[in-house]
Amino acid sequence: MQLSKTMAYARAEEMMFGTCLYPVTTRRGMCLGGGEVIPEIVVHPRAGSEKSLKTLLREFERGYNDALERCVSIGHPHVCLEIEHVAQMTQKTEWGEDVAAQTVSLMDRYEERYGIVSGCRFTIADLRKPDMVHMRDSDRSQRVLEAIAACARHADMVAIESIGGKEIFDHAIIRNDVTGLLFAQAVLGGRDMQWLWPQIVAIAERHNCLPSGDTSCAHANTAMFMAGGYHGREIPHTLAAISRAISVSNTLVAYECGATGPGKNCAYENPIIKAITGVPVSCEGKSSACAHSDFCGNAIAAVCDLWSNEAVEYHSMFGGTTAAVFTEMLGYDTALMNTAINLGYEKELQACMVNSDRYRDPQSYILCPDIAWEIGKVVVEHHQSLYSRARAAALKCGELIFGDDKLQLTTYEHDALRHYMADLEKLPADEGNFIDLCLERYARIHGFRRESYGL
Amino acid sequence: MKYLEDNSLIFSRYDLFREQKEERTHRFSHDALLQEVAEHVIHGDDEKIITIVDQALEYKRPEEVIREGLIPGMDEVSRLWGEGIYFLPQVVLSADAMLEGITRCEEKMGRPMEKKGKVITHTAEGDIHDIGQLIVNALLRAAGYEVINLGVDVPVDLVVRSCQQHRPILLGGTALMTTTMTAFPRIAARLKHLNLQIPFVCGGGAVNEDFTAGFDLGIWGKEASWAVGIAEDALQGMTWSQIREKWNG
Amino acid sequence: MQLSKTMAYARAEEMMFGTCLYPVTTRRGMCLGGGEVIPEIVVHPRAGSEKSLKTLLREFERGYNDALERCVSIGHPHVCLEIEHVAQMTQKTEWGEDVAAQTVSLMDRYEERYGIVSGCRFTIADLRKPDMVHMRDSDRSQRVLEAIAACARHADMVAIESIGGKEIFDHAIIRNDVTGLLFAQAVLGGRDMQWLWPQIVAIAERHNCLPSGDTSCAHANTAMFMAGGYHGREIPHTLAAISRAISVSNTLVAYECGATGPGKNCAYENPIIKAITGVPVSCEGKSSACAHSDFCGNAIAAVCDLWSNEAVEYHSMFGGTTAAVFTEMLGYDTALMNTAINLGYEKELQACMVNSDRYRDPQSYILCPDIAWEIGKVVVEHHQSLYSRARAAALKCGELIFGDDKLQLTTYEHDALRHYMADLEKLPADEGNFIDLCLERYARIHGFRRESYGL
Amino acid sequence: MKYLEDNSLIFSRYDLFREQKEERTHRFSHDALLQEVAEHVIHGDDEKIITIVDQALEYKRPEEVIREGLIPGMDEVSRLWGEGIYFLPQVVLSADAMLEGITRCEEKMGRPMEKKGKVITHTAEGDIHDIGQLIVNALLRAAGYEVINLGVDVPVDLVVRSCQQHRPILLGGTALMTTTMTAFPRIAARLKHLNLQIPFVCGGGAVNEDFTAGFDLGIWGKEASWAVGIAEDALQGMTWSQIREKWNG
């Protein structure tokens, strides 16, 4: 497998929401990244609805029916429905498949009745728990692949949030251990994806379904979540920023294995991914506050092709169910962006988005298109290994954060980042040496087994 | 300000799309002279209808005018509403016209027309949001029910007492505020206590299925027109739990 | 009382979000309409919390604490807390007062601790039910005025959604009766406000509190709600548009009596009010989908000074409570607008907002700044009476809707509007004659009594 | 792209504001030689601490090294965390260091140090979100509790059996998904059935107060550090309902 050597975009200024270099078209003919931003709504079943297949089907039917109904009610031209599996749907292949089949027939009904073209993405639950099973060779790995096949038969797109390296990541993130992050995310996570993704791509292609993408949710989003809020004290925000920069190395693997995009909504690293690959990406910011807070509510929309709410639990609000309410909001957000595109004001709107959050936090800073592009650049320049590109990204990330006076840091954040940079500098240049070092250092960590990663 | 020439990428006018798909079927057939009575109902003309009904009453019995003129007219209106062709005000105006006509016939008969059954409606204690209730009332009346309208902000006590007094086939409640809908389970508990197993349809923005499922007698009424369907079922003798089973869940 | 004779803004192009001609400053020093758009969050207590004062206080404390906490968590510089009374808080003056006092001390605590400046607005429940009590002379009218005084002692702003004319409106709106709307809204609603508002202004001024504004919620919003969705069949959308145009006549009365703004969030007629008066206004659109759907999710923001969610019931979401989640979203929306102002891109952003919804529906069309201004213009030109200016607004509204080819109407809507216009044309020019006509026509309507309006 | 010079109208950096207000009080006083042991705990240096502890053990009893070096160091860390000065990784690294030191002392003593009490933690069946649990574990260990970590995706059965076997003073559960937290009431019911009145603190993003209030034994744990406070209360003999009363509602 070749690691990316070049940037898809020659300059950051060429990146814009709604357009990408390699748009994709779903089997229903919805084009993603072809000049229009499309809302992507995710509805989560309520507690208890996982009791039986019947109750689960009912819950999803309601949720996505409400979403489609709201679209035709106020005029949103397109919508993408994302369904994130709860564990039961991946565990029991038929459950996952039945939900997929039901969703597709709902979409067809709406298209027939109102002419609305929609798309759907199914995100399988990665059941492989690194500390309990062999990641490549266990019932659970089999189950995951079967679930993907079952969904791919019906869905427009399949995706996953793969969790390779999670066992080391969990240990490292609460210990300020940037070496551990590099090992967990780039070396382990990346290798796991190099094993997983060629299989997903093959399955998806067999069913004429798009193998859309992956995300570093198990790493960088965990870090982001812990680094939430100005007064949170779980982990430094600069560490979360570094984890995000590192995540590019692994998330990229999916595309290197043939994933086509759109990148998964929760991959906040997507602006960097888009800069390198040119695939369409889904992003989420202010309208995903229902799922988690972030510092880049507007900025993360700067180069998105789909715009998502991450996930909202189904229930009633005064204005309808959450499914309807968030579809309405996302659709208006995208209407604003699409209007900008059509008026020729997209650069101005993008500047508003970026300036809104650029200096709010290091985490938002590094996702602004120009900074994202620069991180992407060092990633492709250091294409020797998953590790070398991740380390380069981390170092560049720190450098950029320190390099901009307007990005103020508290003393604590400043000290923390200086520390990480020192640690990063000291690490070996070569992946082999780094792996040796880590295998020794992390051998004792609960649940870590090198065979899971072919090491 | 710049304005776009083409908006098709920004929003889709699904209302226009659907309109194209529908053949608008205003056709209506009915013979004899009562046709005109029916047509005035259908067009919701509550002024002229009196004249026509008076004319008809000159050589038709009031029962006939009702049965073969007013009611078929209203049935047609229900059909048009059910098929998504008529809008609410058309239904309300037709109902107004029909009720005017019936009043005239009743005067002639010297007694009120027999109604299908009694329904009590009210808006919850503390709540003044009554548009939903007004719609429900109009649709129920249009369908031939006697509606006892207790109005808005109705104390729990009064609702219970009215049920004791009138023994309606159905009780309707409207609540738009989460802080007022709590009156419904209290009413239901009191009714049960009195062994009045009256199906209690609750509607209005605040109310949802989970809420009404939480107390006996409670049935969730999603749309105003459900009131009519549910009243029919109650009339057929279905119990509140059978009705809930059928309409909710 | 003088009816407005002139437009505050000479041209629609001068109207912009974040800035108004007559900014106001709260006692805490928060300036509204002075160059910055401020989020206004409204949290509604959950069912059951009205059981006792204690539970209610607790509920409000949580809700608004979460809102303030989220602001300091992600950096929103200002926020306005609006509390809409549930009936119990107006009925029992101490309840309303205790909630107000508690809210203010919460705000003080946050200001002291984090330096965040916030404001609060209390909207009293109008308990006077026209069909049950005399609107001017009853226990209930007394209670309403006492509640206002109790809140004004603590609050930065007081407001009300007065319901004069509701009894006739309710009858008329479901009967396609535009004459009834004119009578209910302009003649009755307007007269009721001419009685009510001088009292509110006097009370507020006595307590150094801002008498902010009123809304035609009981009329135009009821109509909007009923005319929701492309496939709703409750009332024609053109009727809702006309009801909105008419509402200017009554909502304006508050300002004519000395209200200072900011106009109430749910007054969708506010763009027209701002054009005429120059006061700051609060608006709500896409981010109030939690409370109700509308067709002007973006367009209604075009000239707002505060940006609100209307109301969201307090409960948990994955990303925090609804109070926190909607505060986050509103704050990002306003950050985008404020960035545009500071970058000098406000015209471009405004154009995006307006174009997003201009031709979605007649209801959004008439609230676009240029159209809003034109409606305002005929209102001030017909300043003979509450009625004459309302009728002029209604006629102008229909004319503008028919006059723009790009605004497509279904046959049904087209026919309905033609009908209303014909009805409107036939009405007498003079208010006295109109009142005579209506007193006769509506005499029999359940609950209507002319004395309530001094007629 | 244009960039703003001044962002102060767009967002406020409340983190910088607070930092200015705080005097950062890293001061710490302790006398004697064990001071150094304590300082290594405070700085979370789990490599050097072994050397220092070994040195101290040459002329101090292991009980003393623990009581006057390791524990006071960790107490100071708790203070710094409690006052909002320390961040989580600092606490975790300090705990790691302290535990290394204790292991060394225990080797010397020839028996394990006495812990305050046993706590069992787990992440709900079907759930793999365990960061919250890891934090809880670290804080509990740091506070001197023996933590029996059942890991993630733990079947209800296993949790119940472990409680029967270990009789912990407290049971902790983490669930980030609404579809997994339903395991908690099932566990609680089983425990009650076995008459094991163990306070059951449930935390994690999905769980909220209303949910835990819905079943006996359940207590809502908002933040990881609550686990420690609640464990102290359990140790003092408070019942689950007293604890719930105190921490929730």
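For this structure, a couple of remarks:
Going in written order, the chains are labelled A, B, C and D, and every chain counts its residues from 1.
Here, contacts are C-beta pairs under 8 Å (C-beta built on N, C-alpha and C of every residue); 3 or more make two chains touch, one makes a residue touch a chain.
These numbers were taken from a predicted model, which means no experiment stands behind them.
Of the two chain pairs examined here, C-D and A-D, it is A-D that is joined by more C-beta pairs in contact.
With every chain reduced to the mean of its CA atoms, the largest distance from chain A is reached by B. Chain centres here are Cα means. That of chain B falls 60 Å from that of chain D.
Work out the mean CA point of chain C and of chain D, and you get 50 Å between them.
Once the centre of each chain is set as its mean CA position, chain A and chain C turn out to be 40 Å apart. Chain A and chain D have Cα centroids lying 31 Å from one another.
Those residues of chain C in touch with two or more other chains are numbered 44, 72-75, 230-231, 313, 318, 335, 338-339, 342-343, 351, 355-357, 360. The set of chain D residues that touch two or more partner chains comprises 2, 4, 10-11, 13-14, 18, 206.
Taken as a contact graph, with one node per protein chain and an edge wherever two chains touch, the assembly fits none of the named shapes, being neither a line, a ring, a star nor a complete graph.
Chain pairs that touch, as defined above: A-B, A-C, A-D, B-C, C-D. Of all residues in chain C, those touching chain B in their complex are 13, 44-50, 86-88, 129, 131-132, 163, 166, 170-171, 173-176, 222, 226, 230-231, 233-236, 313, 347, 350-351, 354-360, 369-370, 406, 408, 410-412. Taken in their complex, chain D has these residues touching chain A: 1-4, 7, 10-11, 13-16, 18-19, 24, 81, 84, 86-90, 92-93, 96, 126-128, 130-131, 134-135, 138, 151-153, 177-182, 206, 211. On the chain C side of its complex with chain A, the touching residues are 44, 70, 72-75, 228-232, 285-295, 297-298, 311-313, 315, 317-320, 322, 324-326, 328-329, 331-333, 335-336, 338-340, 342-343, 345, 348-349, 351-353, 355-357, 360.
Contact residues of chain A toward chain B in the complex are 35-36, 72-77, 113-116, 316, 318, 335, 338-339, 341-344. Those residues of chain D that touch chain C in the shared complex are 2, 4, 6, 8-14, 17-18, 205-206, 208, 210.
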